[in-house]
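Each of the two complexes below includes chain A, the first together with chain B, the second together with chain C.
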Partner chain A sequence: MLEFFNDTQTIHFIIIVGSMSLFFIGFYGIATQKNLVKILVSFDIMESALFLFFIGLHYKVGLVAPILDKHLKTFTNMVDPVPQAMILTTIVIGLAVLALGLSFGIEYYKLTGRNDISKMNELRD
Partner chain B sequence: MNLKKELRLKHIILSLLSSALLLSFLGLLMQVKTNTYKTVGDIFLNLNMQTATANAVTSVVTFFRGIDTVGEVTVLFLATSGVALMLSSTQRTSKKVVKQESFVLHVGSRLLMSVIILFGVYIVIHGHLSPGGGFQGGVVIATAFLLLFLANPNMSLSHGILTLGESLSGSAYVLVALIGLFKMNILLGNFLPHPVGEIGELVSGGIIPVIYILVGIKVGSEMSVIVEYFIKEDYYKEVYDA
Partner chain C sequence: MSLGYYFLLPVIFSFLTPYFKKIGLLRASSILLNLLLFLQTLVYTMMSLPQISLFSIKPPLGIAFILDGYSLLFLLIFTFSGLMVSLYMPWFFKANPRRDEARFYLFFNMLIAGSIGMILSCDIFNLYIFFEITGICSYTLSAYNKDKLGLESGIKYLIIGSIASIFIVFAIMLIYLQIGTVNLGLIAQRFHQIDPKISVLIVLMLFIGFGTKAELFPMNFWAPDIYQGSISPVNGLFSSVVAKAYLFVFFHLFYLFGLNSKYMLFVMVIGAITFLVSEFTALNQTNVKRLFAYSTLGQLGILFMAFSTNSIDTVSGALFHLTSHSISKLLIFLTLGILIHKLKSMKIDILGGFKSTFLTIVLVISFLSVLGIPPFSGFIGKILILKGFALSHNYAAVAFILLVSIVEAIYFFRIIAMMLDKSRAKVIVNVGVMNYAILAVLAALIVLFGIYPSLLLHYTDLAANALLHPTNYLTYALGVGL
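Let's turn to the complex of A and B:
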């Protein structure tokens, strides 16, 4: 029954549908929420969807992780290490951006007592 | 009542818009075929035996694309500075009186903390042999401090030690890169001996484990500072609920 999943096209189909659904859940959050913190968290959900998408799409059935051990002595039949390294970089940058954005949001709330983006009008005058 | 109805209508319209965009994206992405062309990753995999590192992802992160990692660590440092600047400026003046932690919580959190730090150090040191590395292990070390803060909110970290470790490891990383430039004529050149026969052993790969240990110290201290600033913040509940 599970041989159905032993196919690269099927796995890519599942990964594309799942990660893009997650991406648009985050998009829906950005479009509907007015709380600054919730918008930032929605951005993070969209980011996670992109991580899943990139990591998932470079996998092909039959390839193993690019790490040697007792039984694997050469770097053949392995997945591409570059997307994994780039996503590692992206995760750290995303975390830094989220922490900085949340601290800006908290600081804005401390200064004005509001965090509703539809009532942000400090720059109007 | 009228306002509520309007809001609900807007939500329905926006969710329909999200679904329509999702379907159009899926239509585009489903046409992608799995190709068998050569990528830059294949070249890195062929060259990877020369670095004597068992983990190809680690050698890409710290050696082939090492200059990117220098920039990444700089971005993390800048973000930590920004968080510290933002959240330490206006502390609430009236200190809350927090109840003293119980004996079980005190002993249990410290026991668990030592185990978590040991696990994080293991992940950092074996970064060139197994999945993991400086970034992952550093974050695991920071979760140990998160546990301490959850058990006792009155605790505070010694910022002098954290700043010292963070800045020393950051400068040592740049120093290693510059020594590589002077000895091997490329930035981040692998100037330590790295015989290919020793692949898979703990001391192998030349400067790659050294760089990942430095990154582990830096990320661990920066993440601990971020955790401390956010958990000491009294406003986070209000900001979320308002």
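Let's turn to the complex of A and C:
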């Protein structure tokens, strides 16, 4: 019954639909939420959608992960390792930005007792 | 000697920062580091270009740094600004004592390293990493004052920056999906093979990503807030290093990917709108930092107009204007740091409320230079841009720049009149010895480039040639003959 999924086209379709809907969930969060923490979480959702999209589109049925072990003796029949290396780096960067944003949020909350970005409007002429 | 030191030395220094027990030693070694970087750049000006530094594997597979004429000019600006700011910081911290001074030096040197990495790296993914390093350092530096305003500007910058970086990651992924490489040379060769619909999407994403960071019109509403919330030397860095680094990448990719014929008018119109809107908004600002932030945005608008023209003359003029604008804005913001400290206010009145012949002279020099009045360097830059537009029969742009410059002249002359007005109450401001030296050097450079433009024109012509005809760059980026 699940042979249906043994088709690269189908898997790519599912991945594109899934990651794009995740992307728009994140986008909706950024556009509508006022709480700083929720906005940062929305960014994370958007980024995860991109990662899924990119890694997923480089997968083809029958290929294995690019790690040398008993399944993979030579460099054939494996997926492209470059996207995976790139995504690993991007995940680390995303984590750093998220941590920095949360620490700003904590400091701001300690000072003012607020975390509503629509009320952050003291920078003005 | 390797180009890698431009990135390695500041990063290693940043990681060692917490181990400095004596703050004096930290200040001195930061100055020494920036001096080293500047001297290394001076050495590179005497060598043949382009230069390449490989890291183990040669391109297009490996990572490399490439220095061509275009990046050399920016490298000179960045290392020079870094040196000036690091010389200025000891006075600043003596005037405003802080317990977390090391934190500033950590992010300051990383910021310089990230900006330099962004202009040297020859593959788009490394470019993105340096983009993020610069971004994270600028978020932290803009929140360096951990008060309400500082944190608010940090949070705003972080949110805007994250949106920009999501667009850039998306563009890089689409490029990799279409072409299967991240090397700038290979992408430049194969960019026209991409399906036109996807190529428009990629260009749009790159435009939004880098345009947001380079403070282009619809996406630049955040910039004055960031300038207002951060400390003055950081404003100087944002204006003369960070914004210029993003502008560098914007036009580097613009010409490498061959987008100039298709999107030239679009970028020019966006630049013109940026110029117009910023100058009109600057007219009724009452906060000095916001005023000069809007003035920076306006100048960036002119630069975007002139850079997109695809003619050597105009681009060379734009590079001249960019250099002189960097020097003037650095001078203005460093002086503002002194005035804000002495007069304890950020209102525009402080520009009329101080008494110091030296500061008045250097400020007037830099204002006139930004406005483009002879004999200062801004005049040469603006006249070359106008000449370039006139030679390509774009008289509408000439008229537009001249007309909007009148608006700019209104607020600059209002400030100059305020400074020369003797009836106002004045506070005597004495500048430290070091600040005399820094501001005098900056002002002297403005006058020098105004009187002997050929000193700088050599480098701007080199840069414009390298930008518009990147054949040499491509040969190196593809690793041919290495």
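Methods note: the second predicted complex is superposed on the first by the 121 of 125 C-alpha atoms of A that agree within 3 Å, B and C clash if a C-alpha of one lies under 4 Å from a C-alpha of the other, contacts with A are read in each partner's own complex, and residues count from 1 in each chain.
The working rule: a contact is a pair of C-beta atoms (placed from the backbone, for glycine too) under 8 Å apart; a residue touches a chain by one contact, two chains touch by 3 or more.
Just so we're clear, the structure is a prediction, and the values are computed from it rather than from any experiment.
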| item | value |
| --- | --- |
| Which of chain B and chain C A:Glu122 touches, first, second, both or neither | second |
| Chain B versus chain C as contact partner of A:Gly105, first or second or both or neither | both |
| Chain B or chain C, by number of chain A residues touched | B |
| Which of chain B and chain C A:Val97 touches, first, second, both or neither | both |
| Partner chain(s) touched by A:Gly18 [first = chain B, second = chain C, both, neither] | neither |
| Touching partner for A:Thr8 - first (chain B), second (chain C), both, neither | first |
| Contacts of A:Phe54 with chain B and chain C, given as first, second, both or neither | second |
| First (chain B), second (chain C), both or neither touched by A:Phe43 | second |
| Common interface residues of chain A - those touching chain B in one complex and chain C in the other | 36, 57, 80, 82-83, 89, 93, 96-97, 100, 104-105, 107 |
| Chain B contact footprint on chain A (complex, rising order) | 8-9, 12-13, 16-17, 20-21, 23-25, 27-28, 31-32, 35-38, 57, 60, 65-70, 74-76, 78-85, 88-89, 91-93, 95-97, 99-100, 102-107, 109-110, 114-116 |
| Contacting residues of chain A [partner chain C, same complex] | 30, 36, 39, 43, 46-47, 50, 53-54, 57-58, 80, 82-83, 86, 89-90, 93, 96-97, 100-101, 104-105, 107-108, 111-112, 117, 120, 122-125 |
| Chain B residues within the chain A interface of the complex | 10-11, 14-15, 17-19, 21-22, 25-26, 29-30, 32, 34, 39-42, 44-46, 48-49, 54-57, 59-61, 65, 68-69, 72, 75-76, 78-80, 82-83, 86-87, 89-90, 129-131, 133, 135, 199-200, 219, 226, 229-230, 233, 235-236, 238-240, 242 |
| Complex contact set, residues of chain C against chain A | 125, 128-129, 132, 135-136, 139-140, 143, 146-149, 151-156, 158-159, 161-163, 165-166, 169-170, 172-173, 176-177, 180, 182, 224-225, 228-229, 284-287, 290 |
